[in-house]
Amino acid sequence: MLHIVNKSPYDRNSLDTAVSYKVDGDIFLLIEDGVYAAMKGGAAASKLDGCSVSVLGADIAARGIAEDKLIDGVSVIDYAGFVDLVEANEKVQSWL
Amino acid sequence: MLHIVNKSPYDRNSLDTAVSYKVDGDIFLLIEDGVYAAMKGGAAASKLDGCSVSVLGADIAARGIAEDKLIDGVSVIDYAGFVDLVEANEKVQSWL
Amino acid sequence: MSEIKKFMYVNRRAPYGTIYAWESLEVVLIGAAFEQDVSMAFIDDGVYQLTKGQDTTGLEMKNFSPTYSALGDYEVTKIYIEKESLEERGLTLEDLQHLTWEDEDEDWAEKDSIKLVSRAEMAQVFADQDVFFNF
Amino acid sequence: MSEIKKFMYVNRRAPYGTIYAWESLEVVLIGAAFEQDVSMAFIDDGVYQLTKGQDTTGLEMKNFSPTYSALGDYEVTKIYIEKESLEERGLTLEDLQHLTWEDEDEDWAEKDSIKLVSRAEMAQVFADQDVFFNF
Amino acid sequence: MKFTIQVNEGPYQHQATDSAYLFTKAALEKGHEIFRVFFYHDGVNNGTRLTTPPQDDRNIVKRWSELSAEHDLDLVICVAAAQRRGIVDDGEAERNGKDATNIAPGFRISGLGQLVEGAIQSDRLVVFGD
Amino acid sequence: MKFTIQVNEGPYQHQATDSAYLFTKAALEKGHEIFRVFFYHDGVNNGTRLTTPPQDDRNIVKRWSELSAEHDLDLVICVAAAQRRGIVDDGEAERNGKDATNIAPGFRISGLGQLVEGAIQSDRLVVFGD
């Protein structure tokens, strides 16, 4: 399953909820304000422990987040990569 | 100061933030989905410990919350009471 | 035409503060005509949608909560409610509407639509779906 | 006419995900012409508004972050940033723009606009205001 | 006492405009003065006369228009927000070359300065939003 | 692969419609088929031709219209949501006695069944919202 999270983990509960449904093989794509969860040193970063995480490059750039500010293991993708993720995952949930 | 909170404490951080700025004499008015914070037995109810709390009666009725389901000490007011609270408090913040 | 798909409507929002709950319900009712395999999940603040005794008079809004009881007539009979979400909010099934459906294969016997599941069980229910409608 | 009021603009939202940050800034800039006593507070996700190096090209959106550096020219010189909000997000003042103003009473000396305050101090700053613009 | 009300969300999606309306009505009923209601952000979408809500639901736009007519209420739509979202009166239609208008009776389009002025002239500013 | 896209928020207030647009464009560029883009909730507000965004900002509505023209994209606005929010085409204007329309080129108004059909006919449904 591809879980898409677009909200800041400091403002909303959607990331908490999304990761609580994780099963083996799930992937988490952070877009929009959701990308803040993947910033190194943030209190929310640990919520992603053990998760396979991608972030949209255009969204981190807009927010002034350099790639070296991301927690280890995060893939930075473009919209084409977003499309590929949706194609590769039979199930897709947007945690609005 | 009158703090107006209109979001569910389970979904957003606005109640957490609002109560963290409490100083003596402050009043918390819960409206819209904010009223869920005042429900007895909910995990969020303790966030209101030591706060002076009012809730809008129309909002709890719409959500099926009987007055006896509210935590102790909460005042149930109508829109006229809402107006009175705004009049009585020189400072008003809406924690959107 | 495609084969029958498993549709999951995921409800995470409280009613009235926003319109998502109501407009989600409208999709479910319209979607029922398409004869897919429909389930609804109520998690997080979504469990508030089903509380009993909603009275919107003071808000001048339409009270759409009676509509949930019609779901059975639309053959929407798999309604998953998450235990952890209820408990966190101090709610029990007693606080929610009792939703049922009539099984025509068993002489229209009335059956429960609501399935109370844990978060772990809900994850398994999700894993078995094809399409998610998130509101 | 009323006397001068203390205006506090409270910014709690991240930029770009929603328009509140930008439209809030527009009020501040327009409001500057009214010669009130203006302060801005950046708390919770609002601290993200001031991060350096924002590049919105890939989103096809307008990058409004350079506008914050013009606040000093509009005589908006009291910019409160909350320490706890920064720390929770793993940020320091180094990650944010350095906002300044020029003091005409001191031969246009460049001065810091940003005041880093604790949550308890921010509560006191709030207690001293007249009008809150919450976004 | 004199109030200015700010509305940040459009009709139906969020309860903000309902709360603002019911507050405004209650304030008027208690004899207070509403200096201005300022519609900002998606709040500008409250000012379109083109809505047709279901018969069994409240008509949010009409309610504002009627309250305005009854109490000579100043309903101001932020021009910059309105341009982004497509709320248009005759003047805006002419200026921006639009072939239609959609503004509802009782609303007018003006600048953000009207919000600031409202905050200065009123005893209280009350913000309703998401 | 065949996608249906759902957009739940209007232009400018939330990034949802931007994300949906950029995703849709990328999918088309990769040779995928977009079966339909369905605008629901405040998403219907993406379909008004009356917007005049600032010169230095993106034109969200126009972008959708142009993408539709270029790729014969089916942009469907939910009728019930549109009625509540005031998005009107000729047919709706006549049915509901409205004196103006505001629908943008490339958009059409239809029922919620179009969303359900999109979910059935497509390999993936991707929802963008708040």
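Each chain gets a letter, A, B, C, D, E and F, in the order it is written, and its residues are counted from 1.
Here is the rule we go by: contacts are C-beta pairs under 8 Å (C-beta built on N, C-alpha and C of every residue); 3 or more make two chains touch, one makes a residue touch a chain.
Predicted model only: the values in this text are computed from it and were never measured.
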item: Of B-C and A-C, whichever chain pair has more C-beta contact pairs; value: B-C
item: Fitting chain C to chain D on CA atoms, where both chains share a sequence, rotation angle to nearest 5 degrees; value: 180
item: Length of the line joining the C-alpha centres of chain C and chain F, rounded to whole Å; value: 27
item: Cα-centroid distance, chain B relative to chain E, in whole angstrom; value: 25
item: Averaged-CA centre spacing for the pair chain E and chain C, given as whole angstrom; value: 35
item: Chain A and chain B: spacing of chain centres that average the CA atoms, whole Å; value: 33
item: Shared-contact residues (touching 2 or more other chains) in chain B; value: 6, 10-11, 13, 32-33, 58, 78, 92, 94, 96
item: Shared interface positions of chain D, touching two or more other chains; value: 16-19, 44, 59, 61, 132, 134-135
item: Multi-partner residues of chain E (at least 2 other chains); value: 8, 12-13, 15, 22, 41, 54, 57, 80, 125, 127, 129
item: Chain contact topology (line, ring, star, complete or other); value: other
item: List of chain B residues in touch with chain C within their complex; value: 6-8, 10-11, 32-33, 36, 39-43, 45, 57-59, 61-66, 78
item: Residue ranges of chain A in contact with chain C within the complex; value: 1, 13-14, 17, 20-23, 90-96
item: Residues of chain F that touch chain E when the two form their complex; value: 10-13, 41-42, 45, 48-54, 57, 61, 80, 83-88, 92, 96, 98, 100-102
item: Contact footprint of chain F on chain A as seen in their complex; value: 4, 6, 31-33, 58, 78-80, 82-84, 86-87, 92, 94, 96
item: Chain B contact footprint on chain C (complex, rising order); value: 13-18, 44-45, 48, 51-59, 61, 63, 65, 88-91, 95
